[in-house]
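Here come two complexes built around subunit A, the first alongside subunit B, the second alongside subunit C.
For the complex of A and B:
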């Protein structure tokens, strides 16, 4: 915990003084940590936050926000959930300091509320976001952005029209390993990246326990198309966001397939899917997800002609360990008919060490909790009262392409992006 | 423009045993080369996973964990290799010792002992506990036992040589008679000759001022191994040397290197380690026990100056 706090402070400080170098280009949203006002303790600079949807993810955010009341001059003034037990739990987390609301619209009426953090099921993201923006509040909304591409576009348009911040909860955007990885990739460490692969495999039914049967659709909303697109929106959206970030562009088309081949329990969303995204230069992003085998777990692999990265596990492998000069010269000599001595480095036996050829770490200090860092970013942005460079765009395009991937699965055809959705 | 020779080089490399493995041959059928390449890679993986003391499924790991509490029955290959190490322990006047491995680990490595432990000169008591002679072998059962709980086996000082010998055999089996095979350039074995000469000329570089070759060894069906405190090792190992002296309990850190050329890749490796820490008497006694083509010591007294001593006592008897 102490460690994490220190790391976070160092990270923010480095970002603030522009110590991030190339990162300023590849992860421009980190500039949000660069303004002195960010840590202002002035009463007038207090940021007042409301939390909407305090289920599993929402309580996690709420806990962070409560911690930040001590360190970041904020106050959680209201919590909202339309399910009473969750609302009660949330009020308890705040030790009763925040007011409870069953209807988010009532919360939005609170005058000095600066922004809201939304962690409701997917189908409510757009409506609540747009209402909040129209009420003049800044918005942090969990991924995936929304349930349809029309909604995604409307969210962006409204945020721009109202001049408010709209940040989508893709926490990897703030994770040191990823930030470092992208910096390395941009500097050519992996050579030309020609394929990205990612998978998310689980072996469970993805259900939550039900207090009573009639709550099935409300609690297990992920399994029903009315509320969610299942594996694509709930899981794949993360890796789609990272793929776009790595390549510094968005796809041109997507194809995909999926089915329910194991959990035939009345769910409406696929229990396994596979999609391929193509980028303009021919690079492919190959993704699959399943729920009946967990052996391979979760990973995102960046494949370049000089090396490989495994981002989820913070690993990097070189395709060609540097070739010793002596051997290079030997090959060259033979090819040119030369007989000359093969110069060797003349090192010696190095005692056997474990896992030497098992790759190296991308980032040595990854203790920071990116989940909290993105909220600190949000609060800073609110205090600076200007949009964070590129952050909304990251959330928008990943949301969009997540949904187009789902469309490819549904319609069994290759999908491209309609022009009017380019922002 | 230079004339291109018509010789087809077949070459591959991979990571193995914590370093880079290079294999070069020439003038053989491409398909045969592919087969040999596969075989070699498999053999490297097999050896590494069997003899690495860090791999939890390795035979050495199992022995290290159990051999004090009970007799561990092992397979013939492992038994023979450990036995061989015991023989080398005797033949090198206890200088080559597979039981001191733990001492040589990098202090910052997760499995390493602490820096303090490293820099402490071990007591006589501790020294009297280590030594390959305290590994008890029971040939009738191919069984291994440790005489005390402080013992553990590290084949890092012989593993590359052992692998090179195995690979040499694979080559011979496929009638490959010319090859240059290298582990991190510090353990090299050769078959036959360079395509444009009658041997493989191996040039030793100045360790602290890499540049031109300061000495050239001729290899023909022979092997070379080098131990040294080079710049590389200095930066890696801090200011202490990395070869532990089993008798004095210290790390050798004079700026020097020792290269040994002999037929067997295993013996070249064993000898370069042993001679690196040997005093004059020990060196003579040790060299008496082996057939070496060349045993060179390069002493460095500055970034430019060096002296080469050739203990070429016996030439291919």
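For the complex of A and C:
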């Protein structure tokens, strides 16, 4: 258990907080690292995990879980995938220690299985999650939560009814930069935040190579509406979750637009989208995503009247950066006075282009991997055998507003949240 | 044959006085800058290294100018 304590300590250090008390209000789920008292399982008891869906993201989780077998006293006892080549790869990752399943329901029948990690395509999230919860297992399900808002609600209701943990894979909730940033924002460092902007730009067709053409829909499920909502559920859901977290509330409405204007290759999901979420106090979250230009990549910008944060790149800029020492300013002014070309008439209009100050880092030590931390959090929560404060809610409202954003795009109208979906 | 260059003690003393003058000038510039740009008084010591560098730069420029002046004056006095 020494290693488990170490990872917890490293994390608290990296997040730059003296103790969890400081972030307890803005990121209450981190209490899961503070409370080591086991309820259902002693630290010496193994936590037994099963993996369902071991494609790209699933194998990433599986690799971490295998590492955690050495450090966090867990055991991956089963892996499941309905695509044999992926199942074989996963069994190889476990060096044959985990049993393979083609049908997830068989894995759920295993008695001493404590929890499952689900990384299947979106359309299967709800069904597998609900079956797992009903079988008495704790669940970590990848984002986005589900494909419809009804499914999202049913997942939450089932988790609450069964008293089981339901964690959605929004790893930024465990990223030291984000935790530190939210703490700064709440302490007023950015002043009043009135807008959040985010974008995720790529320049590729988002397709994966096919072993044979009939596997198109199975492998490239993201491109078809039967399985996914494309850019909204697969990418935007992350930034929607962060926007809600930053503001400490959820939107009241969303409007949006999208189209297929570049990749006319038979896909059914948009290749470009733009959505605007409005919050009760008039704050906006403006988001766009495209797949035919990657110059700006991805970013999430928090705009306050005292400063700006760029979370993806761990940067913070003050609206009034500290001015350089007087002597340096004097030398600089003299230099400009001598060498700058003299304008006959002063400029009557100066273009208000972006400020160019270098800014500072939000978090000095951000090397720790949030992908692994969220799994350590899951294992801790399973040991404590109680839902983690606010964690499921973060995943729920992010999933919900992601889907309402998609609805706004589809129906070309402003969408509000139906009251019965407030939890 | 290489000629030895002899710098007299008087010259060294004189140059030290010149440098001191230049340093005081640069120091005053720092005071002026702090007042003008409304920055902090602690810059008097935190940015002393800039003052020293500035004094050195001014001293070198002044040295070059003074040397040129001497050379020109000497060549004129030789001709006359």
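Methods note: the second predicted complex is superposed on the first by the 361 of 423 C-alpha atoms of A that agree within 3 Å, B and C clash if a C-alpha of one lies under 4 Å from a C-alpha of the other, contacts with A are read in each partner's own complex, and residues count from 1 in each chain.
By definition in this document, contacts are C-beta pairs under 8 Å (C-beta built on N, C-alpha and C of every residue); 3 or more make two chains touch, one makes a residue touch a chain.
Just so it is clear, the structure is predicted and the values come from calculations on it, not from any experiment.
Colleague: Quick one: is A:226 in contact with subunit B, with subunit C, with both, or with neither? Answer first, second, both or neither.
Modeller: neither
Colleague: After the superposition on A, what does A:161 contact: first (subunit B), second (subunit C), both or neither?
Modeller: In the superposition, A:161 contacts neither subunit B nor subunit C.
Colleague: Going by the contact rule set out at the top, does A:109 touch subunit B (first), subunit C (second), both, or neither?
Modeller: neither
Colleague: When both complexes are superposed, which of subunit B and subunit C contacts more residues belonging to subunit A?
Modeller: Of subunit B and subunit C, B contacts more residues of subunit A.
Colleague: Could you look at A:328 and tell me whether it touches subunit B, subunit C, both or neither (first, second, both, neither)?
Modeller: A:328 contacts subunit C only, not subunit B.
Colleague: Name the residues of subunit A shared by its contacts with subunit B and its contacts with subunit C.
Modeller: Shared contact residues on subunit A: 323, 326-327, 330-331.
Colleague: In the complex of these two chains, what residues of subunit C are touching subunit A?
Modeller: Where subunit C meets subunit A, its residues are 29-30, 32-39, 43, 46-47, 50-51, 54.
Colleague: For a test of understanding, state which residues of subunit B touch subunit A in their complex under the given definition.
Modeller: For subunit B paired with subunit A, touching residues are 2-5, 7, 9, 11, 13, 15-20, 22, 24, 26, 52-55, 101, 104-106, 109-111, 154-157, 159-160, 180, 182, 184-188, 194-197, 200-205, 207, 210, 213, 216, 224-230, 232-233, 236, 242-243, 257, 259, 269, 272-273, 276.
Colleague: Write out the stretch or stretches of subunit A touching subunit C in their complex.
Modeller: That would be residues 323, 325-331 of subunit A.
Colleague: Can you list the subunit A residues touching subunit B in their complex?
Modeller: Against subunit B, the touching part of subunit A is residues 320-321, 323-324, 326-327, 330-331, 333-357.
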